[in-house]
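The structures considered in this document are given below.
Next come two complexes built around chain A: one with chain B, the other with chain C.
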Partner chain A sequence: MTEAMVPAPSEDVPAFVRADGPDKVTGSGRYTADITLTGMLAAKFRYAGVSHARITRLDVEPARAIPGVFAVITADDVPDVEFSYGIADRRLFAKDVVRFEGEVLAAVAALTPELAQQAADAIIFEYDELQVVTDLEAALADSSPLVHDDLDAYTITGDTPHGGNVATHSSITVGDAGAARESADVVVSSRYVADASHAVPIEPRAVVAQWEGDKVTVYTSTQVPFDARNGVCETLELPASRVRVIVPHLGGGFGGKCGFHYEAHIAALSRAAGRPVKLVFSRWEEFVAPDRRREGMIIDVTTSMAADGTIVAREADILVDNGAYIADASFFAQAAAMHVAGPYRIPNVRIDSKLIYTNHQPSGSVRAPTAPQGCWASELHTDELAAAVGLDPLEFRRRNIVRTGDVGPSGQTYEEIGLEQCLELASTSAGWGRDLPDDEALGVGIGWWPSFGAPAGAYMKMHGDGSAQIITGANECGTGSVMTLRMLAADEIGIDPSAIELIYQDTAVAPVGPGASGSQTLFNHGRAVEGAARQIADQLRDLAADHLEANADDIVLADGKASVAGSPAIAVDISELAATAASGELLLGKGNAEIRDWPTLSGSSCLGEQGFSSFLAPQFFCHVSRVRVDRDTGVARVLEVHTAHDSGTILNPMAAHGQIEGGVMMGVGQALTEGTRHGDDARQLNPALLEYKLQTIADAPSIHTQFVEIFTPNAGPKGSKGLAEAPNVPTAASVGNAIAAVIGKPVRRLPMTAERVWEAVEGLDQPDSSTDATTYTGGAQ
Partner chain B sequence: MTDTTSTSPTPAASGAAADINAVSLSVNGAPYNVAIATDRNLSGVLRNEMGLTGTKEGCDDCECGACMVLLDGQPINSCSYLAIQCQGREITTVEGLASRDDLHPLQRNILAAGGVQCGFCTPGMLMSAHALLETNPEPTQEEIRIGLSGNLCRCTGYAKIIEAVANTAAETPVAPPSAG
Partner chain C sequence: MSFTIATSLDDALAALADGARPIAGGTDLVVGARQGKDPLPQNLVAIDRLGELARVEVTDSEIRIGAGVTHAQLMVDASVVDHCTAIADAAALVGSPATRNVGTLGGNVMNGSPAMDTGAPLVVLGATAELRTASATRTVALDELWTGPGQTSAQPGELCTALVMPARPATSGSAYVRLEYRRTMEIAVVGAAASVTLASDGAIESLRVALTAVAPTILEVTGLDDLSGSTVDDGLLASVAERASGQATPITDLRASDRYRSKMIGVMARRAVEAAAMRARGEAVAVPVNRATGVGAAE
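Coming up: the complex of A and B.
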């Protein structure tokens, strides 16, 4: 490790004031719920309110009869289209069967929200209740009721094994893990159970739709405007050219606003009502209805080691709660398998992972789906492994983690990676090994997360006055990534970023892109913007070459000037070149992010491939948390979190630190308080901020961040990788290991609430051996 | 089985419309005379009748602080306050913080520190911070945390917001205590 790898402490982060900042601090910026259109009506949904039932009667006439109600629509009023990624298991409105409490039966448009609610409540809904599927293990039994009677009746893309209540089944197989266990010195088995949790953006989602002729404009709080548009097109059978999705300022998403939600419901309702219609969710709706929440998981993992702590095999069985519909979760089983394997050298692997249909709210991509839970299980297990062979947790990891050139647990060979630097930097920053009061301890968690190569385009134009515009399909959900696009373009063209405006979040003007999902704004949209800016830069160089009577290859664009390399005095202002171009050949650029393939694997066989068995430009990280635990009450408090991240080159330090700190905070919430509880009827018991507790400013730990900026082949612009999801991954793991270090045993349920910590202290978590088995065999001490 | 009751915990609108009252509110120094139902909450009236959408709504149960405004200088959750309770009183919203040309020091500092991401919590945070600094111009870290503990932020991790409030306090001259 060189000195240069040790980054500046966060105190020295250069100021980067975001372009959308003044809008946001003055209250003048408009979010979707702030929009009012002439003649606009209010929308409300009627929900199933029951987790599994056959519809016997749905009578909307009482709602239609209420004065001031303009439209009431159900499945009968929209095309009969089944949709979703992977398994087309869902319709806009329930038809015949409802499969979770938040399923939409009908939508109402009325003069006021109160009237719309009154009408929604007046709809008569009669049903025969069906048995619910709420337990992941019971769901696998032959005798279990089925959430979907016949999966093969749906259109299924990809060839993932499925059937019964199993939506997808993925596996990783390398070598012979069973044989390796037979001859291993030490074998440790553990079970971990994680509850479902939620993204909880502070802005509840909102949608406004307005028709003009046969074209519809939808304003929506989505992270992914093109997915939203495509969803409207698919379900309402409209061409893409007639659907425009605009995203006003977006009040956070964290994956919860990925995918396609209620844009089509409101577009259809607006068409039926003949008026613009606005939907604004309540917090209760935000908790129960969207098909994007973090999945519950059960993880059984067994690791076999040599006496010196070298891992020789890992076997695991993972059950992931899919909820009632697949949403975008078809890859979750495979992703979970990768996170339970972890970034370790493991020559023999057998991991089976199943995504299970239940009558819960559907799971979907919330900030690094499956990773925080998988990492939490894998890393708590890792500390148990270290204890079983008598090694310090840090030393145990040093012996087993993947380094540059190593082959990982799915058979991928890693190029330049910085995991070992992360481990050393975070642990050194935290003062690993220092004396602490006996109610405090440090805990470590390491992990990984991929980058995603997706199609993305960008346009750019430079005006006659030398100012410029980027037109991008990128979506700003708060991270600051879109703001950073200006810097990339400015670098290419040689002008100040403040001279570049962003046109974004409008599908009618921007080329397609993945939006704010999978930490890929810069990775993909950034590469497209660089391409567009390079075309303008080339044009400027040609103009300057003419003007300065030089060779275009010798022109340098910087500081608002085009000059001849080596002769800075021979120069012309870029704005002057722009003025010339304005009366001739215009300065226009377009760029495309080239698609990136998944890295190849060798020596492994993976069932149910969903593209997650190898990681493109993987990010690596280590968090070390200092936690205080009150053994009498079980209350844990996170005091410090020391983080080190290999996300490649850091382009916007202020935004990067913001992502780390926000991700850590969300991770602390997941670790300690954020968990959804279900009743026997499969309905949520705590869908409110009063009972589902986020961390407040009073809980905020001090966070110390370092970046390991090493060169990564196949990375994004200037060697950058993604960052927004990574910091959310290892925090719960590091907190869990710190708690275990204080109380002498791991808490095997996530969140590790005060009650669960207290139960572990009191030994009340032990009796159920099937849920808490740690067995040492062979040479265990 | 028949279910004709509400599936949402939102109270169903009662059949009888609430009484309509004429109310005079002073918001950011400007007088507004509005005719509103007696059961309307302040945040809704600010946002809809007055077009002041800087005040946000993030929940329905007084738990997020996005709707924080000042009522006679005191921070309140405007989602849980009836508009008619504010008759004749002075309300300050985020729109009242900045002057025409200049950001308020809190606005400037929260941007400079990186305390704004999605910005949805920001108006409420600013109002709580403003109320805090009015009564306690030199707050400690702990006092800042307590002063802002009714405002949830999901994006930032809070550290940059604490920094922004501390920086504002540090750069604002404290008026000498008055003699009387």
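Coming up: the complex of A and C.
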């Protein structure tokens, strides 16, 4: 084993690591909502407020008539463009039909927010209500009302099967799972149901737009400035050269601020009003309107085993709630299939996964989309499997997990991977097997998450005084990972990272990049920055070679000096070389992250390929949670979480620990208290922090983290992989297994609220679920 | 529209007589207005600077807690912790440190929410509310004060100045327990307070139990008299739990179903009586009970 302990974050944390930290902590930092421009107006939206209806009248004249209202715009006032990833199923403003309560009908710009709200309320909206689709299983029936009458009327990219209320259908097929079940010794079937949940960034989103001539600058709280810019360009039919997106400090995102949201609405509104316009969401809007929330899922999974606990087959049917529009969810069906399969050696697999249109708020990428729910189901099921064959959950996993060189459930052969080490480290750290009070238990969860290759560029320049700038499309959504970019560049050019300034979150200056999405800041932006820094390093070496009369290949850049390898005394300050360059050929670099292909698969056939059936530079992890359960009330509390992560090389320990801690807390919330409830009318019942309960710092468990730093082929800079989403994935699973260990059975609904735990303890049927009993069958069926 | 900062009780009473509404910590009034529950009153008189309202006074016959005493004070005040432990238990659970630092006992009581945490403790401790106008003072029993969710029988112009409880024998103890889904910023799904006085033989001399958030107002469990003379054992606790569950009329909402609430109120009542009896026996149960034992206890 090559795992290494990384020092705890308290030791030796360089101050430059979080350059934005002091701003954010002292309040001197500025967020989008803090921006005030001369003549600025306030924006408010008029929402549908109904989940499915045909618009019969939308009269904005009463709003326009209110003094102080400068503009009211609807679908009639913007180009008639249908957009979205995969299936172009929506417009900026509703036209003809509304499909969820938070759909925008109109936007108002007025002197004050109150006036804008008054005007928005004055808009006359009349409609014929249509039947809503809320139940994932009922949505599949031939008789079900349709959310979209004819999907094929939309532009669809890719070749995923679709139709009716099925937005995408993906499958994984390996071997013959049915036949393997027939001859298996033990078969276990389980059903798990996960509620939708939310990203809940502390900063509700805000957008400010200002036109100068025919160019618009949009300040917005997005994680992905280029997606936002492209969305404005596409929907308002503007060339990229006329749209600039700037992201001030971002108050969290957690995936919820990925994608393109309201930048075009506010740009169009500002143009119509002839003034800058600012939109600031309320918490209610943040819950109800954006097309980014974590998807609800129903997971039916059956696993067949030999008597010794060797898995021989897995079959699963997964329904994923897409909500009313596709947003970026087209890959969710396939992603969910991978997480329900799990990082196990399974020779026969049949998983069908469907992304279903409903009249709920659209689902979209929230921190590791589909993975926490899929992992929760797969891992609770795994403990049921272990119980069925009388094995300790850890031992059962040891027998079945993928290791280096193994073929996984979708036919991918894994190169160097550290799952086995993660399992051993986390369980040892937690003291697996130790005596605990009878209201406590340990639970284990393992999982995986891919890295993603995406185009990303970076520029770099060195000033005459030897300080430098990186210009990157990366985005700081709180992860701190953009700060690590300075360390990467500093390493290449041999100067202190604190001498490097980061210019970011501005599409007018930076090259394209994926922003803060998919755990890819280091993986993609990092490689681009390395490339740019290497060009400067090469130039510095040439200059130093001239200066020191040495061979450029022999020049070492370190500690602010260029020296000759082996003769450290023969050296020149890098700042001196920079000064020379400043009056001649400037020190400029540019880098491109080469796109990485997905690994190939063998022996599997996958329907509806969405690029998720194989994992590029996969991260593996194991969490073990100690949980106390009050059997009388069902209240569960997570006391400790021991984590071990194979995220490759850890470049910035403080940021890495921060990611794990945040991911664990988000996972604990998802495990215990965070769930969106819907009424029969498909509207959200708890779109507010009083009834949608986040975890607080008082609920935080102690978190113990170890990193398994093994070499990964195809990894990012210096052998690093992603880390932002991973710790969110197995937390609910480990908590769920601990609860099951205390009460003697799994809680099959997520979140595992106190009432649901209590219902499980009491053996009561859960009124809001249709859970099947698990069936254990000895011998062939 | 006016906002008066009262510097004396007379000031405050005069402003009230002129139609102003009192604002103490504002944690119900202002938050409610922002949520659109009730608009802010046109005229407000701030009573948070009145020292007269912020005192806890103990005499041989009674303990008198000023309406302006904050939850942060209640949870640590030695007299409150000694004589009215259940109130300290409740105050320690209110919201967050910020909420406790400004939120007051008077505000909690006069806001009249059936989910108020100090309500059930006050009931089992036999508290009455002292209401004053510029010209008169009256004492009102709590079951007459709370008339419905968010409603009290106080007249406009009346200020609650104190909650007054009779002194109790040394062999008494009280406790408040609340069902919590998380450890801070929680709102009572159900809660129960108990006060127990033990006879010299350790049997129950008197027992009162009141319930939070299971009826339109704080609900006192009735018909416990026949338990006098019993010892506090499993059978007694089960009987209390059953009566509490039976008398509660909870609703189903986003926080819990009525089925769950009915059961949980029994669990809370049982735990409250258990803790109160321990305290009556002189055994230490730290404030608040929710952090002393069980799932919420410190690690």
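Assume the second predicted complex is superposed on the first by the 757 of 781 C-alpha atoms of A that agree within 3 Å, B and C clash if a C-alpha of one lies under 4 Å from a C-alpha of the other, contacts with A are read in each partner's own complex, and residues count from 1 in each chain.
We adopt the following convention: a residue touches a chain if its C-beta (ideal position, glycine included) is under 8 Å from a C-beta of that chain, and two chains touch if they have at least 3 such contacts.
Just so you know, these numbers come straight off a predicted model, no measurement behind them.
S.K.: Does chain C touch more residues of chain A than chain B does, or is it the other way round?
M.R.: Between chain B and chain C, B touches the greater number of residues in chain A.
S.K.: With both complexes overlaid on chain A, does A:E415 touch chain B (first), chain C (second), both or neither?
M.R.: Neither chain B nor chain C is touched by A:E415.
S.K.: According to the stated criteria, A:D439 is in contact with first (chain B), second (chain C), both, or neither; which is it?
M.R.: A:D439 sits against chain C, while chain B stays out of touch.
S.K.: For A:R637, select first, second, both or neither according to whether it touches chain B, chain C, the two together, or no partner.
M.R.: second
S.K.: Give one of first, second, both or neither to describe whether A:A698 is in contact with chain B, with chain C, with both, or with none.
M.R.: both
S.K.: Touching A:D681 in the superposition: chain B (first), chain C (second), both, neither?
M.R.: A:D681 contacts neither chain B nor chain C.
S.K.: With the two structures laid over each other on chain A, which partner does A:D406 touch: chain B (first), chain C (second), both, or neither?
M.R.: In the superposition, A:D406 contacts neither chain B nor chain C.
S.K.: Touching A:L690, do we find chain B (first), chain C (second), both, or neither?
M.R.: Once the two structures are laid over each other on A, A:L690 reaches both partners.
S.K.: Touching A:G29 in the superposition: chain B (first), chain C (second), both, neither?
M.R.: In the superposition, A:G29 contacts chain B only.
S.K.: Taking the two structures together, which residues of chain A meet both chain B and chain C?
M.R.: 690, 696-698, 702
S.K.: Would you tell me which residues of chain C are touching chain A in their complex?
M.R.: Listed in rising order, the residues of chain C that touch chain A are 179-185, 187, 254-257, 260, 263-264, 267, 294-296, 299.
S.K.: State the interface residues of chain A toward chain B in the complex, per the touch definition above.
M.R.: Touch residues, chain A against chain B: 13, 15-18, 20-31, 33-34, 36, 46-50, 53, 57, 101, 114-115, 117-118, 120-129, 200-204, 249-254, 280, 282-285, 477-480, 654-655, 657-658, 660-666, 688-690, 694, 696-698, 700, 702-703.
S.K.: Residue numbers of chain B touching chain A in their complex, please.
M.R.: By the definition above, chain B touches chain A via 1-10, 12-13, 15, 47-48, 51-61, 63-64, 66, 93-95, 97-98, 103, 107, 110-112, 114, 116-123, 126, 144-146, 148-149, 151-162.
S.K.: For a test of understanding, state which residues of chain A touch chain C in their complex under the given definition.
M.R.: Within the complex, chain A touches chain C at residues 439, 628-630, 632-633, 635-637, 639, 672-673, 677, 685-686, 690-691, 693, 695-699, 702, 753-755, 758-759, 767.
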